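Each chain gets a letter, A, B, C and D, in the order it is written, and its residues are counted from 1.
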Amino acid sequence: MTNDHNRRSFIKTAAAAGLLGGLAGCTRGGEQAQNGGDSTDIGGGTDGDTSTGSSSEPVIPLSEYDADIDWAQFEGSQINIGAVQHPWVSAIKPAIPVFEELTGIDVVWNILPENQFRTKRQTDVSTGAGQFDVFFMDQVVNQYRNEGWLQPLDPYFEDESLYDEAWYQPDDLFEASRWQAHGGGFSDDWTGLPITVEVQTQFYRTDLYEKHDLEVAETLEGFRQNAQTIHENESDVVGTVGRGQKGYGMNIFILNMLLREMGSSLWTEFPTDSGLDSSGVIDAATWYTNLLRDYGPDGASTQSWSDVLSTMQEGRAGHIVADANLFWPGLTGSESSIADTVGIAKVPKPADGEFAPNAYNWQISTSKNAANSKQAFLFMLWATSEPTNTWMHLHSDAAFSVRQSVWENDEFRSQVGEEFAQVTLESLQSASPDPFDRKYPEWGQRYSEELQRALAGQKSAEAAMTTAAEIAEEIYSE
Amino acid sequence: MSTQTQTETTTTSETGLARLRALWNDYLPYWFVAPMVLVMVLITFFPGAYDLYLSVIEEPTFDVFAAEFVGLSNYATAFGRGGALHSFIITVTVVVSALALESVLGFGLAALVAGVESERLQSFYRVLFIVPMAVAPVSLATIGRIMLNSEIGVIPYLIEATTPFAAPAFLSEIPLLTVVLLDTWNWTPFMFIIFYAGLSSVPDTLIEASKVDGAPLWRRYLHVIIPYMKPVVFVATLIRMIDLFRTFGVVYGLTQGGPGTATQLVSINIYEQMFINNSPGVAAAIAVVYLVFVVAIANIVIAKVGFEGVWD
Amino acid sequence: MASENQSQSSVDTGSQRLDKDTRETLVGVARHGLLLAWSFVVLFPLYWLASMSLKPPGSANSLPPDWLFLPTVYNYIRLAQDGAFLAAFANSVVMVSASVVLVLLIGVPAAYVLSRYDIPMERDVLVWILSSRMLPPIAVVIPFFVIFRELNLFDSRIGMVFMYVSINLSLVVWVMKAFFDGIPETLEEAARVDGATRFQGFRKVVLPAAKPGIFSVAIISFIFAWIELLFGLVLTNFKAVPVTLFVYSFIGSRSIEWGMLAAASMAMILPVVVFLVAVNKYLAAGLSFGVVIKE
Amino acid sequence: MASITLDDVTKEFGDGGDAVVAVDDVSLDIEDGEFVVFVGPSGSGKSTLMRMVAGLETQTDGDVYIGDQIVNQLGPRARDIAMVFQNYALYPNMTVEENMSFGLKMSTELSADEIEATVTETAEMMGIESLLDNTPGELSGGQQQRVALGRAIVRDPNVFLMDEPLSNLDAKLRTTMRTEINRLQSDLGVTTLYVTHDQTEAMTMGDRLVVLNYGELQQVGTPLACFYRPANRFVAGFIGSPSMNFFEGEVADGTLVADGFEYDLSERMRANVGDRTAVTLGARPEDYTLSEAPTDNGFEVVVDVVEPMGSVSYVYVRSVAASHDETFVVEVDGQQPISEGEQLHAHAPATDVHLFDTQTGETIHQRELTDDAENALSQPLENATAGAD
């Protein structure tokens, strides 16, 4: 049985703040900071306006930031943050007055859903407009770096007035997060600082497992059998759901894990051999395709993460084979009809393979054309520092810490549930994130298109991966 | 433009105001078109030239004018790896089928509503039938997706609950048809409203006359009403066609062009080239060819249908 | 004439008369049947949207659907308390309304000239105007971004109004040209002979006759601008953000707030319905030009 | 009230090489109070000519005077004219009263009360006072016609221009309105230009006809002058119903040889013909006689079709000797018994025959008339034919 008490208390904070949507979407739009408008921010009742921020006690004592850094050197300036509609934003917003008081820098937000944000960010950097001093960075990190749009942070790390290593404790950041912040191994420099990490975990229905006397699967074969049992014995419940929709953050987010677990990797030889037609990749694609086609919902090939989440929330699926651990609040929250009967476990692995869940980091970066890069760096540093990060996770409903210390923090663990914390921590320690090379968005899109074709039954997994390999290599051949 | 320069005012009271008024009326057609021409120049020439330029240079940098000229290689990429031709075919398929459905439905509904005798009921239908157009594309796509979801969607559920048929997996088995049907739901109102307004302008005498002749309903429409409405019917259909050619939001939200590239419209292809592949040159190349293509189609349609049947 | 027709039909056999009556009844039944069918097609998704917005959290996507549920206005209250949403909503209403007025002011006179005067290369001019709506906005948004920054129109209401005008202008010109083509030119000639200036003839005689057309394009223009997303996304930051962006904001990175998304979508339909109801009677105003001879 | 003068007026449409000449160098004097009918087939330029008087078109060349004033540069609103259009052009969004008062509001300084009084008075005169609150869409064709006329009359203009105002009415109503317009014109005494393609309307309404073809002035004259003294073959054929019959032939030794018959020319004819050889003979259907016995200059014909009209019959006959089978029309007394297929002798007396130059179409010989009739040609008959149909 899961720890109901802990899970409930995890949700209660959200409910108390007037939010029933789980972690995400507390606030939105770029206006609140600017307008000082009606805000539904959690805790402290601050609204992001500097004047009110200084009038009340900061939510984090300023003494926490007692580092060898000249915080106040840019007093009176302003930074513009381009952000995705992500729980991180709502979690940090109540702490923004702390930063504003600490540095005297005004923070202005521009918050958009992912797709829209990408469009806007690209327009901004490709035209050299430089309207964002800080922006969210994802799979396009090396693409942007290659275009010369990103600014490496190393000069700022070396600036003594801006950085204090002893205080910042960079080693507390997960290795996977630090690796991705260095362009997934493609750069020696910091391309940004990681703010959130989500790692793949498995979700299952405890009630159905009990009913059919199933064990939580550690192997892919076991998982497939569990899925089969549920699929065949339950009406209106499919064995499993999983991302099938195309897009470089969609179906291949799952497949990339499976292929690594099966001993293959992306770009066995960069940039000439994509490895996508290797037996490991083909096996992984075949396994995933068969799983979803046999025990997944009709139309599995078009399911995006939100469909996967909704189907599970509605109790129409027995499992999610692997997806972001950030589904947990949604699955256990009030939007979910299975809140009390859902379990979380580490993702399965092949019997002879390695446990290597995919992890994904959002990071924040600054562009070459940004007007206030130094201020931006101070913000990044402050936002990802231990005091801010810990406060967010203890007081502001966050569950995506890139700092190991938070996951080991007992108060945090009891808040979010021991089970969730432990599974996440162990998964993160073994996590193996995707390396996003500079043309990953382009060939990844095509690769995920091919996988989607296989999932839709338009072609075999082998044929799909062979085509994907050809396209990926052609893209780099120019 | 005809060179009518006769003055409208008598020459006796040439006060400043009168002169101004004369100037206004004498050159009225010029004043009338000038703002339109100005806006049109701004919104066509600059973006057009920009796309044309982007399509023949190497990947742009901040200083676009320092970029290297690469001839037609972006065009080659667009039609090779870029799958431009495939997306053209998909787009034309969607345009033709959706346009046919929407025109017929739109006209049928306009005719049906126009014939409703109760004025209140007619008003009700008039408002109701326009509303689908007002649903924001993102809402339509997101909520449409969940409604069509084969596991938890209400539409497959209803089909299976009320008919003996198994519901298809809309987005993966019949994606193109789904896109066309959703667009039909969304945009038939456009045809409806213009046709309806067009019908309202058909003189009663014309309808009366054909009634006295004893012509059956369909003949009355075919031989009397539609010929009279021809300009409006033609323009509404043409504009809807042009709009269909650049459909983006709802389809992207619904399928993202998938499964595979089964619903990859040209607009989606351009979006992916630009914002995912970071190849604005290829995106611009597709856009340029596409513009030429659509202009050609519009010209053919206008030449074949428009100026012979509608404008002489 | 009519009475002659009557007497003729009275000579017909009784069964034929019955047939005619039956046919009329059938036409009536078919008309209402078809209208009801389409009403259902239109209404069901709207009903579903509305019910989603009124359902308590967690049951938005339940199957079998909760046909009967205790509606809650919780989502609407949250929406109404969201100052930023309200600000964007008001902002959109202002910008879109202004753009509709402006696009009519620019487009209707131009359409009139295109309809009434001999324009050199008229077809090319018309196709050129139409070409402004041929490319997907995605293909033209970046040049506009560049221009807007140069001209200080970025994130300004004026800039957005201009964009809304630009997306609707070709529609207004084309549709209104078609409507003007249907209005006999002798109307303005009569007015001019009656002593009106060209402009008075246009304003007092032609414009009123084109009312159904004008209000139709006004509604369509309003809707096009109202649901526009891309320009609003790229060309604004804080001051001129349109409400469409807010509807997106309920689609988060790891969860979708179905109830709020539905409520916001319903809220977005509202102004369109208000506008529609307000101009409803003009849409219906069937005007007769008397005996019409096309010249 | 005003006279109208057209001085070498030309109108071309289009430009450059493909310009179409709609009106070609027309000069015309119309007296104050005169009722002049422009008549011609469609495309003859009659409407264009009127529209230039109205100021709705600007002539390419030449001058237009209304009264003594040159109006080339004036728009319609400054010319003090009123016009009735073929489709009436009633303002659909206005009531009858608003339609009628529009012009007064636009062109005069009259107060609202004065306008209302004037409109009511005119409406009574036109018998449409009960329709004042209706919109044009609610009126019948005939009522719309009256409103259109009323709208013109109420303005009390210098000139009335009427562009085929009766062509959309049914035959019976057309006759009634014809009479009414004639009556109104003579009561009001306003200079009136009237365009029609219908020669019956032209004959019955105008003081003078202006016959146009292909933009060129063919003849200006009283209806009877145009009928009895046509200036050329076109006018001879256009005016009169059924049309005059024409036979092209060759003149040799004082005899016109046509296909199917020969005609011995009289002395006067020969003198008029001179040394021309290609001559067309024209004779009106009513000037022929059909008889069983052969006559001078007669020839044998076979009856093709008989159209009894009541008091007269139109008999379509064909010359027995002709190489073609075209028929021509003969009007005979309605009581004369003639059956189809019958063979008879057709005869047109030399006094009634016209001769035209085949090449130029110009009249070279006019029929004979009595002196009284000759005098009457130049006198406009004061509505003499108004009541007749």
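What to note about this one:
FYI, a contact is a pair of C-beta atoms (placed from the backbone, for glycine too) under 8 Å apart; a residue touches a chain by one contact, two chains touch by 3 or more.
What you are looking at is a predicted structure, and each value in this text was computed from that prediction instead of being measured.
Number of steps on the shortest path from chain B to chain C, with steps defined by chain touch: 1. Taken together, chain B and chain D share the touching chains C.
Among the pairs A-B and A-C, the greater number of C-beta contacts is found at A-C.
A summary of chain positions shows that the Cα centroid lying nearest the centre of all protein Cα atoms is that of chain B. Using CA-based centroids throughout, the chain positioned farthest away from chain C is D. Taking each chain's centre as the average of its CA atoms, chain A and chain C sit 41 Å apart.
Work out the mean CA point of chain A and of chain D, and you get 90 Å between them. Inter-chain spacing, taken between the CA centroids of chain C and chain D, is 52 Å. In chain C, the positions touching at least two other chains are 61, 63, 142, 146, 197-198, 229, 248, 251, 256, 258, 286-292. Multi-chain contact residues of chain A (touching two or more other chains) are listed as 119, 126-127, 310, 314, 316. Within chain D, the positions touching two or more other chains are listed as 55, 75, 77, 137, 141. Interface of chain A with chain C (complex): residues 18, 20-25, 28-32, 34-35, 37-40, 80, 84-87, 108, 110-114, 116, 119-120, 123, 126-127, 129, 131, 198, 305-306, 309-310, 313-314, 316, 324, 326-327, 329-330, 334-337. Across the complex, chain B is touched by residues 1-2, 5, 27, 31, 34-35, 38-39, 41-43, 45-46, 48-49, 52, 61, 63-65, 105-107, 109-110, 112-114, 116-120, 123, 126-140, 142-144, 146-147, 162, 165-166, 169-171, 173-175, 177-179, 181-182, 197-199, 202, 212-213, 215-216, 219-220, 223, 226-227, 229, 244, 247-248, 251, 256, 258, 261-262, 264-265, 268-269, 272-273, 276-277, 280-281, 283-292 of chain C.
Interface residues of chain C, counted against chain A in their complex, comprise 57-63, 78, 81-85, 87-88, 141-142, 145-146, 149, 229-230, 233-234, 237-238, 241, 245-246, 248-258, 260. Against chain A, in their complex, chain B makes its touches with residues 59-62, 81, 145-146, 149-152, 169-173, 175, 255-262, 272, 274-280. Those residues of chain C whose C-beta lies close enough to touch chain D in the complex are 184, 186-187, 189-198, 200, 204-205, 208-209, 211, 286-293.
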